[in-house]
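Labels run A, B, C, D and E following the written order; every chain starts at residue 1.
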Amino acid sequence: MSDGYKTLHPVKYYREFLSQGIRPDGREFNTFRPILLNVGSINTADGSAIAKVGNTTVVCGIKAELCKPKPDAPDCGFVVPNLELPPLCSAKFRPGPPSDQAQVLTQLIAEIITNSNCIDLRDLCIVRDKLAWCLFVDFVCLDFDGAVVDAAVVSLLGALKTVKLPLVEYDPALESTQVFLEEKKPIKLHSMPVSTTFAVFEDKIILKDPTLEEETLCSGVFTIVLKDDELCCVHKPGGSPLAPEELVKCIDESKLRTPLISSLIATTLKS
Amino acid sequence: MPVDHKRINGPEDTVPYSLYTKTNKQSLTEQYEEIRKTGQRTDSRAFSEHRKIFVRTGAVSQAKGSAYIELDNTKVIVSVFDPREIPNRPDYSLKGELYCEFKFAPFSCHKRRLHVQDAEEKQHSAIMKRALESTVCLHEFPNFQVDVYATVLENDGSCLSAAITAAGLALAHAGVPMYDIITSVTMGIQRDTFFVDPTVTEQNICLYPRPSESDTEHGIVVLSKLHTHDQVSQFYQFGNVSLDKLNESISILDETCRELVPIVQKYLVKHVVKNLQRNT
Amino acid sequence: MTTKEPCLCLPGQRLCLSDKTYTAGQGTYERQGYIYSQLAGCVDIVDKDNIKVVEVHTTGEQTVIPAQGDIVTAQVSVITQQYAKCFIKCVGETVLRRPFRAVLRREDIRATEKDRVEIYKCVRPGDIILARVLPITEAHTYHLTTAENELGVVIAHSEAGHPMVPISWTDMQCTKTFAKEPRKVAKVVPEHFNAPSETLKP
Amino acid sequence: MSKNIQIRLASQRINTSVPGNQRYPKIFTPGQVITAQNEFMRGHGTYEENGELKASVAGVREQVNNLISIRPLKSRYNGEIGDVVVGRITEVQQKRWKVDTNSRLDSALLLSSVNLPGGELRRRSVEDEHMMRQFLQEGDLISAEVQNVYSDGSLSLHTRSLRYGKLGQGVLVKVFPSLIKRSKTHFHNLPVGASIILGNNGLIWICTSINNSEESVGGFVQNLEEVVPRQERETICRIRNCILALTQSKMMLYDTSILYAYEESLKYSVAELLIPEAMLDIAILTQQRLTMLENA
Amino acid sequence: MALCDAEKTFVLHGVQDNFRIDGRELDDYRPMELETDVVSHAFGSARLRLANTDVLVAVKIELDVPFPESPQNGKIEFFVDCSANATPEFEGRGGEDLAIAISNTLTTAYSSSLAFDSRKLCLLNGKKCWKLYVDILILECGGNLFDAVSIAVKAALWNTRIPFVKNVNIDGNNIDLDVSDDLCLCERLDIENAPVMVTVCKIGDKCIVDPNAAEEHCSMGSVVVAVSGTKISTIYQTGTGSLHPATLTESLQLGFRVAIRLNEALSKVLSRIRPDEEAGFLK
């Protein structure tokens, strides 16, 4: 019968649980959900990874294509991230153009990539002003159960680690390009961004790594992205106000995640 | 093309690097000749052999029902949602509707796919809808539609039939009333070779006629079957095939569809048993 | 699985002959004299006036939509002079993932003195009601009725925001402020007092 | 392989008009001056400009005292009280059905204007309201009479006679309403073994001969089990094709013209009546016989 | 238009008895009327009337660059417009799904080089080719759209004249084509094997061809068979019902047989058309 109670009075249901210091899924307020990572499983992509944070699942696939650099940045390549929240992943989304949430998350991930400098765009340039790599980084969310950014960032790291680009030779005289598939090189990762999402329940309780249910019931959700113990970006789109001390505490909390994720990626790549 | 302001667009003229690789790979015709000569498919399967199927039901926790299917490298995920009101349809209808959406993930194919549904994806959606419509008891939910979404994560051939089989599983998983279990198989035809459950390379071989003296038949056939009632719910073909060869392909596909049924059944029983154990 | 081994079945599985003793019930369909399963689940045979009704129930959540005659649990969202808009949250004991829109018209609230019904004295937004589904005439809107003793408001909160308990057919009382508010109350069963969630069982 | 598929070229299209004996009325085209005198009243299908009365539709002039109107040649059905119509249920609403009668607006059939099964006159109860879809549902065909014309031109129908009600097995043909000749009765039991209902609204219903004694009260029953015997089926289909042949040549439809066309068509097989030449042939022969009848 | 159960029963019994509501047998086709060269500013056009179904097809030609993955092929693109004029059901976006289904089926039916050799549309390998835009306008919808569209498309392609290229100048990356504007100096397309589609409609347990609108409503499903020459180029199933494998084979056979007959009839009538005999339907 708890099922019925939950749908009829979700807030009350949660309040009763949280007053006992426990979340309905059995976690404590500051426990993460387990993270799973699987890399290189998609052969049609140049680099790929699937990350699961609890139920939340995000697939990241990277396709590399060739193009001409922009005139105002002749020695830079491109990274084009896009996060899809297809109707497949939750009943919240409808077919058609990307939802507002998908657009916001896409922008956030683009920001994380630029701010963290994890990829140096100059590494992607092949011949100045003539030829550069363009990495299409596409995220597809398969299961939308809260803290999607966290999963997306983990999958991004996994996918970037597996990207191997072939050797390209460019003949400026003939303007001809040749690609050698036999010689492939990985790209260099300059930093490791790690994101942690928090939710604020009724302006008081801060829940770490919330599920979708928690995100929708809570009065505020915010995401902290760290880059090797440095603050890289904080995303707090409105919601209930947060005391500065609280935020600092959360930043400290999220630092705990960095070693977890770096060891996760290391072990995944090894196996 | 209008600019898509809701996504991040890359530079305008990007080209896949595979266009500039040296063509030291065999051409498709050569590959076909080799397969014909050796009588061995590239993955050393028999011509009438289906790839191993791996299925996981309940892959999407947010959906009412879902299934993830793998045919070696082909990976498709399907989710099914609760009935909802049919948008823009105020009149009363005795039957419910199915809405199917088939989508390739941008990185799922050799060539990068765009985010907006293209003609092929729309066609596949229509075929999927067609195949599932005769499976689902539509009269059980008048005025409502059940949404079925399929996303191909990696396409290594036969993704449409994989999606249909998975959708059948996902519908059963969602507890949507169904008349039957549905299985679907693809076949590629090139001259006198029938490739059951072709890979992408084999599909490409069958896409165009290969130069030959007389026999120029080629094509792709997809057949979906309802098991208990022995009914074909969907049949789709293109290429250039004679009637006799087509009939032959129907009987082979029919047989292969039947072979898949126990596998689908196994996964469904597994799901039921798991639920039973959880409930008790 | 100790006493009785449950009988599993899959969609399209032929269960038995359809004849005088066996008829197709919930979760099954009949074709050419046989009863087949519509679902992946367990077979259940229910005796009804010497006729054995073959039913199949899913082990997970079933996909159902409200049908004529079903008892549903709904939450009132908006009230007007003529009707109350509600969202159906449960059909029978099945909890829905996606609510359905429904309307409780003024004349369907109670069986007697229909003309003198005033909606705000019977239901308020936020109330949880038990109701029966009327025949479906329009697409997309279900019409509900509470014109039975067992139907009506089961969970309500007072204006102060505290839970209320029923004290008569027409009144409920706040547990904190003890203020009385009028409602069309469902038949009072003792359990209501100590465990409000139990009332959800129709 | 004996069957041929006919594809003809547009250049070989035949002229389907049939020479009649009647004098053609003058046809007005939009904008044409009807009269310059201003003692006339402006009716439907006309407008006034510079003191002249002009036609706003293509049609023939009709005059009642001082009122001049133009009746359009081709239009949707404009109902009049007492007309017999054939219509299709489009919507079941509270206490009434919406019926498509080939008019501009859907007509209404009130629950109170039908004979309910079991008993002539009784108050319509709430149960009846809930049963409405069992009586008539979307897609069902009915024959009815126009009871009233509302101010917006929409019709209110009734089926309070044993002749009206739900229609059973048969074929519906749709023609221009102006081709239906008004007559005393629009229900005909043709001697060739079929019944037709010539709805004033241009919908014609053809079915097997109705046995009046068998007709059930209320008329909500359909027999879906019964198989129409081959011969009656052929008759029904032949009448259908004959009506289409007459329509192609814009001839008026009434019992005599249909019967004549039927008799003239017997030299062709039913399927041959789809060929334009055969259709024209029948129309010409029918016209000749009608002329003879008139002159006799 | 919806049909009531009694009407459906009447149609169904008639089909069972091999005597349809207009007197035809199961595999009979209704007479059609064809007209070519009806749109003066198109490169080729045709209009087909099959009972109440009316289809207008116009072909336009433009210069284009071949796809990088198929540098030797020209392009052909089909666009179907199911306007609300054809039937009220097409109002809004109602006709969109059908339009996509028809254009996709045409695309796949014309995709094999044996049905339609797009290599002949290529002018300069990887650089220049013709692109055919085949625009299909449904003027009135009276059933059996797939068949009518395929016949009209074939006739319009038959009627299409491709401009003659007199000279090609290549200057680095610039290519200059000298296209003759002499109308007599143009080429016709080879449409010998262009596919003809036949919709086989399953009613009860019988299959019919060329269904009228009422029959289409009674059908649980139909199979569209596109035949190019003596081979089958596309099969597409529509509707909601399912078929027994034997019925499928049977309907394929029926569709194939009728398509061959239809193709013969079409070639015969096309061979009869002489330039001076073409009459426009608006004339």
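FYI, contacts are C-beta pairs under 8 Å (C-beta built on N, C-alpha and C of every residue); 3 or more make two chains touch, one makes a residue touch a chain.
Keep in mind it's a predicted model, so treat the numbers as computed, not measured.
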Which chains are shared contacts of subunit A and subunit E? B
Common touching chains of subunit E and subunit B: D
Name the chain whose C-alpha centroid is most distant from the C-alpha centroid of subunit D. A
Contact-pair count is greater, between A-B and B-C, for A-B
Can you figure out the chain closest to the middle, judged by Cα centres? B
Between subunit B and subunit D, tell me the centre distance in angstrom, where each centre is the average of that chain's C-alpha atoms. 50
If you average the CA atoms of subunit C and of subunit E, how many Å lie between those two points? 53
List the centre-to-centre spacing of subunit D and subunit E in whole Å, with centres computed as mean CA coordinates. 35
What is the distance, in whole Å, between the centres of subunit A and subunit D, each centre taken as the mean of its C-alpha atoms? 67
Flagged in subunit C as touching 2+ other chains are 96-98, 137
By the touch definition above, subunit A meets two or more other chains at residues 91
Between which chains does touch occur? A-B, A-C, B-C, B-D, B-E, C-D, D-E
Contacts from subunit D onto subunit C in the complex sit at residues 92-94, 130, 132-133
Once bound in the complex, which stretches of subunit E touch subunit B? 68-69, 92, 97, 100-101, 103-104, 107-109, 111-115, 221, 223, 228, 230-245, 248-249, 252-253, 256
Of all residues in subunit C, which touch subunit B in the complex? 1, 6, 8, 10-14, 27, 29, 31, 36, 38-42, 58-63, 65, 96-98, 101, 136-140
Considering only the defined contacts, which subunit D positions touch subunit B in the complex? 91-92, 138
Given the complex with subunit C, which residues does subunit A contribute to the contact? 1-8, 91
